[in-house]
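Read through the structures below before going on.
You will see two complexes here that share chain A, one where it goes with chain B and one where it goes with chain C.
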Partner chain A sequence: MESGPSQARTAGSRGDAGPGGSALTHARTATARKTYLKTYSYWFYAPAGLVYLVVFLVPTVMSFYFAFTRWDLFTAEWIGLDNFSQFFSEQQLVTSLWHTLFYAVFTSGAKVVLGMLFAVVLTSNMRIRGLLRSLVFFPVLVSTVAVGITFGVLFQPDFGLVNTVLSWVGISGPDWLGDPDTALLSVAVVDVWKGVGLATVIYIAGIMSISRDYYEAVDCDGGGAWVKFRHITLPLARPATFTVILLSFIGGLRSFDLIWTMTGGGPGFASDTIASVIYKQYQAGFYGLSTAGNVVLFLLVSAIVFPLAFVLNRREVDL
Partner chain B sequence: MRLARRLTLEVGSLAIALVVFVIPFLFIVVTAAKDQFEAGQLAFSLPSTWTIGDNVKQVLTDNDNLLVVAFKNSTLLTVVSVSLLVVLCSMVAFVLQRRPGRVANGVGLLMLSGLIIPPAIVPTIWVLQKLHLFKSIPGLILVEVAFTIPFVVLLFRAFIASIPRELDEAAIIDGCGGLRLFFSVIFPLLRPVIITVILTSSVAIFNDFVNPLYFTPGDENATVQLTLYNYLGRYNTQYNLLFADILLITIPPLLLFVFFNRKIVEGQTAGAIKG
Partner chain C sequence: MKTARIRLATVATAAVAMVTLAACASSSSSSSAPASAAGSDTSSSAAAPAAKTELTLLVDNGEFTVKAAKAEIEAFQKANPDITIKMNTRPGGGDGDNLIKTKLATGEMEDVFWYNSGSLLQALKPDQNIVDLTGDATLKDVDESFLPVVTYKGKVYGAPWGTIMGGGIVYNKDVFAKAGITVPKTWAEFEANNDKLKAAGITPVLGTLKDTWTSQLFVLGDYHNVAVANPTFADDYTANKAKYASTPAALRGFEKTAEPAAKGWLNKGAGSTTVTQGTTLLVTGKAAQWPILTAVVASLPKDQANKLGFFGIPGDDAAKAGATVWSPAAQYISAKSKNIDAAKKFVAFVASPAGTDIFNTASPATGPYLIKGYTLPSDSLDIVKDLQAYVDAKATTPALEFLSPVKGPALEQITTALETGQSNAKDGAAQYDADVTKQAKQLGLAGW
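Showing the complex of A and B:
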């Protein structure tokens, strides 16, 4: 068993293995180490590790095999890169890649901007800020299917509430979910509505951790609210920004449930993302192709999120 | 002048919040209370006659009490998954935090990957089928547990780091083995973070739609989210019933929110920042 000096130190409870290590101390540290290894036994990993291994790791690894096969869950026939060439030759599948990227970029951008704005307002001296925080946060806890269905009805072209309100001011709203030009955008807007509460509370936590002294310094120098925001809140809330970006990117790239309940990827393929393509191919019985989609999603997420996490983490240390 | 500006800000933001975040929920309530014809008009108005009781009763009894069964399934799924998560993940986090080294680094990396990597769906079905657990609640429980492990382990690890090691040493000197040290000394101290974990992960698992859709398709072992999705086709013209269903499904998280508002927000941000 490997164990660094730090562990031996912590194991030999304070002072045991002090300077002038005689034979006796050596013996004592050896016993202490044995106790240490037995107390913090790797068996603690076993139950969770088994579930994680069987239900998460094995499928993830196996997906890199099944993605290269024609597969009906019982027999898999190796067909090389056929699934991938099919994936990248069908226009609708390629556009789903772009939709996924657009969706992730739009939702994380909007959550950063709105989350920051809400947090600044909600950390100001307001009497009703507790109520407002609750109102903004509650949608985070509501089922995505319920939100999707509700907004599907609110976005109805003829009698839906959104277009009714727009008609009061003389605008005839489009068929939000039925028009290929607006379908994906409408879903993304609802995603922001549901998720902005989480971004807001993360920003609130970030802003609350900024020392009041900085703001007082600006007061002394006669700076106004804008100076405070631009030169103190914005740079010092950077860790919160990174968290919000990372979280919404991970969520946005995988997003499926809201799209599936609101548009089903339609009209046509206008709001298909990789995750909805994976589901459609699975439903159609193309298990190999569906798994290839999963591998593409895996690669996309890894290619974006791991470097992003790395860069953001490094910058965080610089602060 | 200053007071006037502050008042404008307060009134303005309250108005925006009410319009944007409250009207959708009011819409759910009023539509769930209308009769079929009135609900079909999709207007945002008070119902001329309140039939909310009848609607709820009809949604619950339709299709041989399908929704009641689904509520039982969802409750079972949530309670068992969350209990497993609390016990299994706190054990992992304990050794992960107390025994640093190469193994711990590896486990930490696996947990981070688990937060980021999208699960491979069809291969998971393949594994569950081999175990004869596909389309069953126990299978779905395993899936929910496996996919939530990383998040919960990281929450626990951060908290365990704040428990002094001297406590472990005292217990060891008193003759405690690892298991007893963990379950009778450490575990009771985890109470605050356990509450956070229970709240955060039970909301996530109760609301989950994607995993039931893939791993327990059909009506037999449906969860509430799945019945709602299935009703979307079935109740296409009966918006009052559809929204009565939505209302019922929104009540459990609403109750949790009313009672544990602060704890939930805390859990969401802590998890987020660790993630």
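Showing the complex of A and C:
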């Protein structure tokens, strides 16, 4: 942009072709050209940047404003920190915070363990390896809402498949989603089922990138499969572990769609997470309050994830 | 709040339409097509000069509403060949709210629109947006008991369409007869009945908590008993002077919500039972009583629906037993309409005995109408007769949401938590009081 005027002048002086073309102009032209060469590649970012600006940055900044207002979509009245004090005095906030943390820790933990396990199995020399890999990854491709509705039916206490199968072996299963004690755990298990495929794929990539030499060395030293796993695979797949932890932890903290379709945060408040609390405020027409909640969620996720990423990344370098 | 209230208030159409999976079947263009086609038919056959008035009508897209509206339009056009009516439909729930508000704000509202009565009307700024019908001949057939729910600052803005609904206990009459019990007049009798039912191996109280709105009925349906004990409760409550937790009569509703779980009256798996499943459980006699709105029977074939009866949530005084009712929705005329006279004609037609008869033929009643001079046909559902008996005995009270703009959005979660035994009545009521305070603050109401 800044090079615009000087370029125009250059063109003009060339048109004059008079003796006035001084060294100064030359110098200017050169600088302009340099800037141009240096910056022109950034223009390729412009379209994507514009979309990002309009769709992400502007609303994010605006939400910081609306969080301080009583907002009915037509008029916004500045009410200072009232929304935040209301949000923090929300009765279900503390329990839903615990639910959120439990959910995030449980799902990311289970995805790490199961993902690693599946990846080790699926990188071994098996005949139906390709098929199994597809099967493990398949749930990732299904819409979360569809998964939620399907499992809602499977978990139905009277005629649902889960309790029917359990009754064959003489177990009378609970009302998985309707009982406050099991509701959140049931949703978390489904989340793991749906997300473990992605973790497995990341681990497979991580394990495949480990040089075969290490395993051959263990063979020479007479070590078995456990030694290989414990001392080669596990430490050298650490970058993959960090990626899985980070991705699934962020996913767990802001998880909403599965919880909402399966239990709606219920029964009562038994599976409410931060995201479902915020959504219910939005549903009730408390737009300012729910925006304040989203700002808090944004800050919370940042406060947990950035330090986590920092620590994990540093350990990666230490390796 | 809006969603919760709407869910209850429009459940007549919504729950029923969902059961039949027809709620989303009618888009605005497809449903308006027959109406406009009928209009052009009359114009070509009558070959009348261009003196025709064209009215527009906006209704919600519930199956039963659309059916009834179409029948009304057809009959009205036959009686008034110089007026044609074009019908548009809108979604229900919160989306419908937003659409109505936007249309009114931008001056694009249809001449006549059908929408909730009660506190949702207050949010439409009626004095600016809706034609005042106070003392107008349009309302000559309307029962006076309807007027309070369409009154704003002393002026009347709407005429009713459809029926009232009872909110209380829908029960299986065969099961009652077999167990040798009668309709309870007091809560103590209700408890005694439940013990007998439980001993006979029948689920005394049906919980359908997967559809969370149904958990509110013990609280909302108990309002008749609250009003009998505290006649000024609604005003005090709106003015932030009365609270659920500190008003013994109001607290009873929360105690009644908690009792089924504590005494083991509920069906197994109540937490994941839906309204559709619940209807089957009740009709087949696996469960005896269901706290719900009477409109649920609309989805049933007549012989099955007539197995069911209705009584209000029992109070503590048999002499004052009654029922809480949900008022009919209303027809309003947009203040921006250019055909107010024709619009009034149509509104008056729908709210007349003749119009009601047409309505009832298209969508059979699940409760009484509030139209003077109209008597329900003798082959109406039994549940309608039960409700009519309360109306005739003047033993009904409108639900609190028709008397006060204050309703907390989390009531259905709070009552679900109570009904699944996660908290106690006192805590539940206190939670709800806090929830109400939040809503009043968010609405910027005076005195909170």
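One rule holds for everything that comes next: the second predicted complex is superposed on the first by the 279 of 319 C-alpha atoms of A that agree within 3 Å, B and C clash if a C-alpha of one lies under 4 Å from a C-alpha of the other, contacts with A are read in each partner's own complex, and residues count from 1 in each chain.
By definition in this document, a contact is a pair of C-beta atoms (placed from the backbone, for glycine too) under 8 Å apart; a residue touches a chain by one contact, two chains touch by 3 or more.
Treat the numbers as computed from the prediction; the structure is a model and nothing was measured.
*Asks:* Once the shared chain is lined up, is A:Asp175 touching chain B (first), chain C (second), both, or neither of them?
*Replies:* A:Asp175 contacts chain C only, not chain B.
*Asks:* Per the contact definition in the header, classify A:Ala270: touching chain B only (first), chain C only (second), both, or neither.
*Replies:* second
*Asks:* First (chain B), second (chain C), both or neither: which does A:Gln91 touch?
*Replies:* In the superposition, A:Gln91 contacts chain C only.
*Asks:* Kindly classify A:Leu236 by the partners it touches after superposition: chain B alone (first), chain C alone (second), both, or neither?
*Replies:* neither
*Asks:* Using the touch definition from the top, say if A:Ala284 reaches chain B (first), chain C (second), both or neither.
*Replies:* Only chain C is touched by A:Ala284; chain B is not.
*Asks:* Looking at chain A, which partner touches more of its residues: chain C or chain B?
*Replies:* Here the partner covering more residues of chain A is B.
*Asks:* Just to be sure I read the superposition right, which of the two partners does A:Glu77 touch: chain B = first, chain C = second, or both, or neither?
*Replies:* second
*Asks:* Is A:Phe155 in contact with chain B, with chain C, with both, or with neither (first, second, both, neither)?
*Replies:* second
*Asks:* For chain A, what residues appear in both contact lists, the one with chain B and the one with chain C?
*Replies:* Common interface on chain A, chain B vs chain C: 73, 156.
*Asks:* Can you check the complex and tell me which residues of chain A touch chain B?
*Replies:* 2-4, 6-7, 10, 13-14, 35-36, 38-42, 44-45, 47-49, 51-52, 54-60, 62-63, 66, 71, 73, 121, 124-128, 131-147, 149-151, 153-154, 156, 159-161, 164, 193, 198, 201-202, 205, 239, 243, 246-247, 250, 253-254, 256-257, 260-261, 275, 278-279, 282, 287, 290-291, 294-295, 297-298, 301-302, 305-306, 309
*Asks:* For the complex, give me every residue of chain B touching chain A.
*Replies:* Where chain B meets chain A, its residues are 6, 9-10, 13-14, 17-18, 20-25, 27-28, 31, 41-44, 84, 88-89, 91-92, 94-96, 98-103, 107, 110, 114-129, 131, 142-143, 145-147, 149, 153, 165, 168-169, 172-173, 177-178, 181-182, 203, 206-207, 209-210, 213-214, 225, 228-229, 232, 239, 242-243, 246, 249-250, 253-254, 256-257, 261, 264-265, 268-269, 272-273, 275.
*Asks:* Mind pulling up the chain C residues that touch chain A in the complex?
*Replies:* Interface residues on the chain C side: 1-4, 94, 98, 105, 209-210, 212, 268-273, 409-410, 413-414, 416-418, 420, 422-423, 431, 434-435, 438-439, 441-442, 444.
*Asks:* Along chain A, where are the residues that touch chain C in the complex?
*Replies:* Contact set of chain A toward chain C: 70, 73-74, 77, 82, 86, 91, 152, 155-158, 175-180, 183, 264-270, 280-281, 283-286, 288-289.
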